[in-house]
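Right after this note come the structures.
Common to both upcoming complexes is chain A, partnered first by chain B, then by chain C.
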Partner chain A sequence: MIGTVAQVLEIARRSVVRTLRQPAQIIPNVTFPLLLLAINSNGLRAATHLPGFPTNSFLDFFIPVAFIQGALFASGTAGVDLARDIDNGFLNRLALTPLRRVALLLGQLGGAVALGTIQAIVYLGVGILAGVRFESGVAGAVLLFVLAVLLSLGFGTLGILLALKTGSGEAVQSAFPLLFFLLFLSSMNLPRNLISIDWFRDLATANPVSYMIEAMRSLVITGWDTQALALGFLFTILMIVLGLVGSARLLKTRMART
Partner chain B sequence: MRDQHGIQADELVREYKGGIKAVDGIDLRIQPGEIYGFLGPNGAGKSTTVHMLTTLLPPTSGTARVAGFDIVKQGPQVRAAIGAALQEAALDPFLTGREHLRLQASLHGLPREERRRRSDELLERVGLTRAADRKIKGYSGGMKRRLDLALALVHEPSTLFLDEPTTGLDPQSRSALWSEVAGLAKGDGVTVFLTTQYLEEADVLADRVGIIHRGHIVAEGTPEELKAQIGRPTVEAVPADESQREAIADLLQKFGNPTDGDPLSVAVRCEQEADLADIIRALDAAGLHVAQIQMHEPTLDDVFLAKTGTSLEGAAEDEEATEEEEQEELEKVGA
Partner chain C sequence: MTSRWKVAGALAYRQMTVLIKNPALFLPPMLFPLMSFLAFAGGLSRLSQVPGFHYEGGYTSFVFVFVLLQSAAFSGVFMGFNVARDFETGFARRLMIAVSHRTGLILGYALSALLRWATVAIVLTIVAIVARMKIGGNGVDIVGLYTLAATLNFAGVLWSAGIALRMRSTQGAPLMQTPVFLALFLAPVYVPLALLQGWIHAVATANPITYLLEAGRGFLSGNHDVVLLAFACGVGLGALFLVWAVLGLRRAERAAG
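Entry: the complex of A and B
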């Protein structure tokens, strides 16, 4: 019998291979956040003139949103792939092998992480070429990259959770806009202290996605802001842990082998 | 790997929410190396039985042993001993055939060299060597089924479960798969539990057949034994003149009871020893003309009809709703 790590690697290899063999899935996922970045960094540039706006470059301010959007897309990939496996019986095939549930969960996230990594490399490269400068230097850029990959993993677990709950690729895709809604109700377009509508500011403050964006943003426009980074990583890791625990529980029902 | 234990089940029950009993107290005694055909329409309980015996679905009550292991208490040992090709070949359209085999072999713990050797051997065996490096989305239905069989065999199981393995296949692919399955049982001593809704498949392939209807096994034996239980042949006549259909039906009923046959024909199951010549003479004497007349020995469908009161085809329609409920429940538990 092979070890859990080897099982994770086998399932992850399959997940990565099938993700990379679907360019029609990768290209829009990578390019859509870039388009939004291009449009908003120009269209909303005037926001930088607001008193108290933390930078004079809206591109610097907005680039973290591309990483979050990319991670959200990656979550859809992970969820839809697993839902298809449930739907077409592939999960049963795996259940008939000595595969451990935890190995299936972690391995299944391989595709989301691979996609998230590709996206993070592209957004970092494009951002730097377009003039984004990291106040935290090269180490900050590396940390942002790490956080972006972790976010892909975290949102990927949510995709997996949805797939296990519903067992339907269509249901996962339908739930996807709800995750996007979280992004729109965050500090993605303005710093929280400049949001003048009270209820919106309160929602953005209660929304963990705001802290994920702000952690990345701090690395670009502030430097090393320990509090922002701690909150960003905390919520990201919390999302990963909760996603995995919830998925593990649901998988017990989905893989109800004796 | 040669099986030493076969399959035994005692009072196996699976009840779903709402009190629906998809499987209602079945007993099985399947000998090592035997091909057991589990025959029944959609929704009769075939797949639920397979899911229980392969450990994917816990039984509500009853016990079963597969390859010598208890399906509830020794799930991992059962899974290590069995191979299964479940309904609808579950394959990843973006992987190649070889990649599927590699994944399956790795998860079963085969060493790297053994994985390669076994994959090549199985690809050769199921005739997929040339297509091995093509993605599954380019495979035909028959190729998918053959790969499915190869995947079930990768760890050399002693017991094989095939859930409707030839559904949707063309006759040539079906025949090729039959030969392969027969070879596994006769040559390698593998015990095969085969579910099917095709009478011909059960007749040709199975050493013994169990007929399941609404969760109960209603008949069991070799195909010959089952047909011998019916004993009486069927006569089918196609009227030469449609206006004489009723008169022909009336006359044939003197020789037996009406039964299902070709839609163009009038069919009766003979009540007593009948001679085709007697029937032809009676038709001739009554001035009735037939375009075709034939007498044939009982089939498994006749057995099914006798045991359940409906033909296999008719039962399939009746039980479609049951199948949907069964499938929904299976999906809920992830099986």
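Entry: the complex of A and C
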């Protein structure tokens, strides 16, 4: 057991160092969601005049989207890094060592979680400086941070899954817009009850990303909404579990081939 | 002149062949506008009920014009990635040795970008019509709308080609797309200019894309607005970035020795 933990830590250390050594990857991943936040929180401010809109500040409403976007970018990083390991034969060489598959899997997520943590700290800091006020208080901000890191882990597992499935960095990058599509078809821009097009509202209701956003959003604009938080955490944990189980199965096949 | 156009035609033919044979290159520029259109038209249509929102065509038409211009600009920008890739693989250097009129290369990439965007625009328009987009303008107005978008496509490809010719590496991709992304989203994307407040209103007022967007929306609804200013902005951007791209070509020539 101790050996497995040590293996996880060693692979995670490599993943974190590799991620942090690529400022060209980190800086756009951190800043792009901030740019969108700045533009959309002003460009969509008129939406707060709609009857029934839950807050006067679109910045408060929209800030959770930055965390999700950040997590999506982190998933791309995790997937591309693993695909590179497959491509350059690093995974093949690892298969010759006593390294446990679970250690490889959990360790590879280290970079995504590190990047997600940096992003969450930056977005929280910038949000608070820009005037975001948490109805749930300091504890709510801490819980939002935890959820953001879990989301990075969850989307990271999807990136790993894609990399193991395809073994190609280009394929992971090509699939990336599909993950973004989930964000686009959610309640990111308006509350679901204010979405007037039926098919879009139904899609947003069926989309787990809506509940992840709404859990974070509830901490900012509502306070402690148990149902929103339970759904948000449930879908996040479900994504982590499904991502890990799927990745473990694919890894078994991929390492067996080697 | 004939030779220059021959070079352009041959390069455009090659680019389109590469594109058709590689769906991975073709799909992202196609998917992004469709995603944006579905997300904006489906998710934000309630914004048409914001007090002060006056647009005769409805919200689907309102966002369609933005997405059409976005697709035009990004089809141009994505062609810049191809220019950079051609330099990385050495193909562009061989081309520069082979052709007598090198400005034909820029024309060829621009022609490819226009053809690529035309396919995106056709699909996008069909999707918008299926989504019951209202078209208030007549045939001439619609030609005006697509011509405006084509000027932005031209400006987009020349901007990104200028970067690609200077950097000659796909590492310049963020530099190609980020300013274009910002210019597009710092225009009245979701609501009319009059409903924007604060710094974004000031920035949008100074942003030439705003006038292309407003004229395009006017064309689609049949109520013309700022048409001359919009064409002046579109053609002006095209001319400016043509100079930028040609100067980039000269730099690439010097680098090649």
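Just so it is clear, the second predicted complex is superposed on the first by the 254 of 258 C-alpha atoms of A that agree within 3 Å, B and C clash if a C-alpha of one lies under 4 Å from a C-alpha of the other, contacts with A are read in each partner's own complex, and residues count from 1 in each chain.
Criterion: contacts are C-beta pairs under 8 Å (C-beta built on N, C-alpha and C of every residue); 3 or more make two chains touch, one makes a residue touch a chain.
Small disclaimer: the values here were computed from a predicted structure and weren't measured.
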Touched partner set for A:255, first chain B, second chain C, both or neither: first
First, second, both or neither for A:196, with chain B first and chain C second: second
Touching partner for A:46 - first (chain B), second (chain C), both, neither: second
First, second, both or neither for A:146, with chain B first and chain C second: neither
Partner chain in contact with A:99 - chain B first, chain C second, else both or neither: first
First, second, both or neither for A:128, with chain B first and chain C second: neither
Which of chain B and chain C A:237 touches, first, second, both or neither: neither
Partner chain(s) touched by A:245 [first = chain B, second = chain C, both, neither]: neither
Which superposed partner A:91 touches (first chain B, second chain C, both, neither): first
On chain A, positions contacted by chain B and by chain C: none
In the complex, chain C residues that touch chain A: 24, 27-28, 31-32, 35-36, 38-39, 41-47, 49-53, 171, 174, 178, 182, 185-186, 188-191, 195-200
Chain C-touching residues of chain A, taken from the complex the two chains share: 24, 28, 35-36, 39-40, 42-47, 49-50, 170-171, 174, 177, 180-181, 184-185, 187-190, 194-197, 199-200, 203-204
Touching residues (chain side chain A, partner chain B) in the complex: 1-2, 6-7, 10, 13-14, 17-18, 21-22, 85-86, 88-99, 167, 253-258
Touch list for chain B against partner chain A, complex: 54-58, 71-73, 75-76, 78-80, 82, 84, 86-88, 90-92, 94-95, 99, 103-104, 106-109, 135, 151, 331-335
